[in-house]
Each structure stands twice: as structure tokens, then as C-alpha cells.
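Submitted below is the structure of interest, expressed as C-alpha cells.
When the chains are written out, they are named A, B and C in that same order, and each has its own residue count from 1.
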Amino acid sequence: MADESILKVENIRKAFGKRHVLKGVSLSIRKGELKVLMGPSGAGKSTLLQCINFLVTPDEGEVWLEGSRLNRARKHDLYAYRQQVGMIFQDFNLFDHLCALDNIEIGLVRVKGLHKDAARERAMGELERVGLSDHAHHYPAQLSGGQKQRVSIARALAMDPKVMLLDEPTSALDPELIGEVLAVIRNLVANGMTMIMATHQIGFSRALADEIIFMEDGQIVEQGPSVKMFSDAVSERTRAFCAKISELYGETF
Amino acid sequence: METLLFFQQEVIPAFLKGLRVSILLILPSAVVGLMIGTVTGALRAYGNRGVRLVADAYATLFRGIPLVVQLFMWYFGLPYFNVYLNPFAASVIGFSLCSGAYHSEYVRGAFLSIKRGQLSAALALGFTRLQMVTAILLPQGFRRALPGCGNELIYLVKYSSLAYMITCIELTGEAKVLASMTFRYTEIFFAVGLVYLGLVTFASWLLQLVEDRFTVPGFEHHEL
Amino acid sequence: MPEGLTAVITAFPYLLQGSLVTVAVVLGAMVSGLVLGVLLAVGQVYGRRPVRLLARVYVWFFRGVPLLVLLFLFYFGLFSVLDINLSAFTVAIIVLGLISAAYQSQIFRGAILSLPEGQFKAARALGMSDLKAISFIVLPQALRFSIPGWSNEYSIVLKDSAVVFALGVAEIMARTHFVATRTYQYLPLYLAAGFLYLVLTFVGVKALRMVEEKVRIPGYSRPGIG
């Protein structure tokens, strides 16, 4: 099973000073799967995603992409790896000095070395895909939160990632803007994108996730197919957490 | 060995002589400049239109014209009105008026940053106007103006070297005279540079001490 | 003041030529200070320990030693010991540039640090090297935020440039003094010089404000300020 996995992460540990944020986390994901990370804030979900992309350097742990181990000491390998692993941030992190179109273009031109015209065409295509072609020349400060997040998804998609990591992509959004971003992600699922996503959107996860991974205190507490997890979670804590979340967000399941 | 002797016998005595003049230039200029700056700054913040106009014009002119030009005006220009100043007096006047203009900028900003509501609150509590000024306005204004004014004092240490240009022989002047006689420009100017560096570093340290002593949450100075 | 006025009017074209020299010195110093200042700022923020230390020592030295002392040190001292024959004009630009680099680096450093951390992170997440992320993402934003500070630095360098008169560079102040010692119209001439400096300050600051407006990012201002 491990050999079919597109991304495999083993025994990631990370401590900030004395605080052990990740205490040895392993997971793997196959092509076309959506895995959802759940758990209370401070569980280590965000740090885990950032460690997978080495934006935060883990103290220990290895990562395999399509069966080959990443040697992150080699800068070139690391940069190449990051191109293939798209990252969506909670707070979008669009480049504030570039308009929507240029935000998507810059990676294509500067990292992938595409010609300007080709990059423009590709960027425009991605913007269309997230329904924002009429906002191409708007700057981040002129976009709503939902629009920003859609641009950031388009920016990641343009790099042709093999896997996408989504770090609570809707948690910084006003409730009425969450829907448009989820719709884009739902589309990605339908098109077979491989994704690991941290989120509190229970309804969304239950409908679309192949697997729910429940984390607490820097460890995976429980994992399994979404239907099973929500109906009869083994761990008392998982159940309690889900109940609280659904209460908070008014979702029933 | 020979260099050591040279420093012992020539450089250090000359520097000490110059340093004494430099300090005699800096101290009164700092005190007078701060006084001018505080008064002008307060006038610029709270004065009526006419007063503000005059005080603003003073600040603009003395901040806009290079200090060297100002020094030359006091030393070479004043005789136009039959006023003759010696180089030392011209320097002190020039330094005081110039740094007073800069101080006034920080003092004004400091006063303006104090919300009017606090003053109303003080009056509502039954403070007299004078009490309001001494108990509310000045303690806050002082803290807000401290980083800027402190920096200005540090600049004064460096800019005191310009007194040499109107023939007031202070530290830089002594160094220049000695260097011209011995042709040992590099050693002497490097050494004199280190003396200034020491003075400036000492002044910064002192300023930091004062700032730390008076710091209150919300008034921290974040150095960029 | 009729005599004084005549002296000023007669000397004015000569002084105006001096202001060209002043502008050349200031521009030369600002631009070299910009290049070196950016390097120092990047070194201070992203460099390894020895680089950071070196940059800090540089800033400490060039901010602490008076301009006049540095002018003498470089012109009469270092350059002649090293047998480098440079004109007073060139030395003036070099020294003012070295000092300005120290101050400019502090402006840029503050601007870089004011950027949200996510900007750098997102650039790396796309697979950019640190150098690319700094050149294409961090600096284009940081330099925009630096324009007000830069405009302030311009007016300081402009005023400091009057000190290079001590080396005999034929800028505004040197020419003014030269004419004054011949016509004895000291005060009117110094006032004229002061006026020229005020005009140059005004023009430069205005021009930089136009640049700032031109490169402004719609809807965006420096984080934490507006």
C-alpha cells in the first residue's frame, strides 16, 4: 500500500523550545485522495502541514514524494519538491505588490522559467478556473477574503502540484464567503487532485474526505474513513470534539 | 614603539585639549537647544495661529538650511549688523538654534499625540490648568519626545565637529592641526573617529538607560 | 541691502552652477548608499551571524563618526596612503555614500521587518530560493515602504553635502564663501545659499512624493501604519 502512495511522511517531530508540537506523526496519501486533518487548535495541524513543505524545519522525520526520499539538505531538491507540493495558507499570503494575475504568473516565470506570454496565458486560465478572470488586474487589497483565497488556490494550481496542502483555507473568512472557496475545493476533488486539508468544516469533510485524521496534542489520535469517524468515533475525545464543532458551526450530521 | 610614543606625547594631549573644547561646546548647546525646542514645540502645538506661524517658520528654516551655512551666517554674516562673535560663541549659538528647531519637531509631535480627551478628563477631575500641564501633559510628552530628542543630542555630539569650519579649534580641529604638522592623517583621523564613536556610543547608552527608566506600557520605543 | 542684493544677483548664476555640483554629489551618494544599504539591510535581516555582526559594526561605525572626520580620514588619510588618487568630488560622494548606506540600511531593515512573514513563506512554498524570494517578493514591497524614509534621508544628505566644502569641492557653499570673501557681502550671500538649499529640499521631496504615488499599490499601505 505504501508503494502506491504519492506522498509519504514519516515520524515528523518538532519542538519549539520546550514545547513539543509534533510528537512523531506519520501519514501517507494516495493519488486522488482527500485527507482531512481535524482537531482542536494547538493540536499541531498547521505545524504538520508546514513541516511537510519544510516551511517549518522539522527536528526529525522524512518525506517521500512518489516513492523517492527528499534530501532536503540539497537546496535544489527542496525547491523542486516545493514546486510539486502546493500550499494554501489560512491568511492567503498573496503577494501584496502584485495584482491577481501577476501573483499567479510570478511563480511560473521566476521558478518554472516559463516565457512571459505562456505564463500569462496559463495564469489567466487558472483565474478562470476559480471564477475570477474579471478580477485579473485587481490588487490583493482590492479583493475580498474569499477572492484572495481563490487567487491563492489558482497560484498553487498553476505550478501543477502533485499534492496540495491546505491549512484551514476558510477559517479567516466571513461565513458568507466560505461557500465560494469550498466550491472551488470541491471542484478540485472532483478533478482528482490529491489533497491534505486542515479544516473545521465538518459537513464538507464528511461528504468529500476519503479519510479523517484526528489530531490532538501533536499526535494522531484516530483516523479512518469519514463516514465511520463521524458516526462511531472510537475515541471519546474525537466524539466530543466533533459534537462541539458542529454545535459551534451549526452543522448537523 | 615609535607610534606609541607619538600617541603618548602628541596625540593624547592634543585630543584632551580638543575634547575639553568639544564638551564645552556640546553641553551648553544641548541644554539651550532643548529649552528652545521645548518652548517652540509647545508653541507649535498649542499656540494661536500667529504664534504657530512664526514658530513653524523658525523650525522650517533652521531644519532646512545646512548647519554649516548657519554657522557661517553667525560667524561671518553677523558682522553685517556690526555684531562680532568669537568662533566659540558663534558655534554655540548655531548649534543651539539648529538643534532647537529639530527638538521642537519631536516635542510638537509628542504633544499632539496626547489625546485631547485626557486633558478634558483632567479638567473634569478638578485639575487646574497648571496641574494638568505638569501632571498629565509633560510626563507623557516627555516620554514621547524622548527617543527623538535623544537622537538629536547624539547628532549634536557628531555635528559639534563642524565648529572647526569656523575656526573654533575643538577635537576635530586639534586633530587636523596635528595631522597637518605630522602628515600622519590616517592614524590621527582614525583615532579621533574612535573618540567620537566612544562619545556617541556612551551617549546612546545613557539615552537607553533614561528611556528604560521611564518606560511605561504603550510608550515603548521600537527602534527600527 | 542694495549692495548685498547686487552681489547676490551677480553671483547667482555661479551659485546655480554650484547647485548642479551639489545635486551630483547628493545623487551619487544616495544611489551608492541605496545599493550598499540594501545589501546591508538584507544581511542584517537574513544573514548568518557573522554577516549580521559585520553589518551591525558597519552601521555603528558610520553612524557614529562625524562626516568631517570621515572626509579628512578618507581624503588626506586612507586614499593617499593606499596611493589611490581620487578627486575631492569623488571622495565626497564615496564618504557621503558610505554614511548614507548605514542610515539607509536601517530604513530598509525596518521596512523588511514590517512585511508580514507570510509573504516570504508563500514565496518559498512556490519553490523560490531565498534569493529569489528576497528579490522578487520582499524588496519590491520593502523599497516602496522606504520612500518616505528615503525622502527624509535625501534632505539630510543634501544638508550634509555642504560640509564637503571642507575638501574644496566647488558646490554651493564653497562658491558662496568664495564670492563672499571677495565682495564682503557675507550675510546676503549665505542667505542666498540657504535659499538654494531650501529649494533643493523642496523639489527633491516633492519629486519623491510623486514617485511614491506612482509606485503605490492600489488599496495597500505599509502594514501597521495605515
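In this section, contacts are C-beta pairs under 8 Å (C-beta built on N, C-alpha and C of every residue); 3 or more make two chains touch, one makes a residue touch a chain.
Computed from a prediction, not measured in an experiment: that's the story for all the values here.
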item	value
Contact graph of the chains (line, ring, star, complete, other)	line
Chain with minimal offset from the mean of all protein Cα atoms	C
Centre-to-centre distance between subunit C and subunit B (centres being mean Cα positions), rounded to whole Å	21
Between subunit B and subunit A, distance of the C-alpha-averaged centres to the nearest whole Å	56
Geometric centre distance via CA averages, subunit C-subunit A, whole Å	45
Contacts with two or more other chains, residues of subunit A listed in rising order	none
Residues of subunit A that touch subunit C when the two form their complex	53, 55, 75, 79-83, 86-87, 89, 91-97, 106-107, 110-111, 138-142, 152, 155-156, 159
Residue ranges of subunit B in contact with subunit C within the complex	61, 64-70, 72-73, 76-81, 158-162, 164-165, 172, 175-176, 179, 185-190, 192-193, 196-197, 200-201, 224
Subunit A partner contacts - residues on subunit C that touch it in the complex	116, 118-119, 121-129, 132, 136-137, 140-141, 144, 217-220
Subunit B contact footprint on subunit C (complex, rising order)	4, 60-61, 63-70, 72-73, 76-78, 80-81, 106-107, 109-110, 113, 155, 158-163, 165-166, 173, 176-177, 180, 186-188, 190-191, 193-194, 197-198, 201
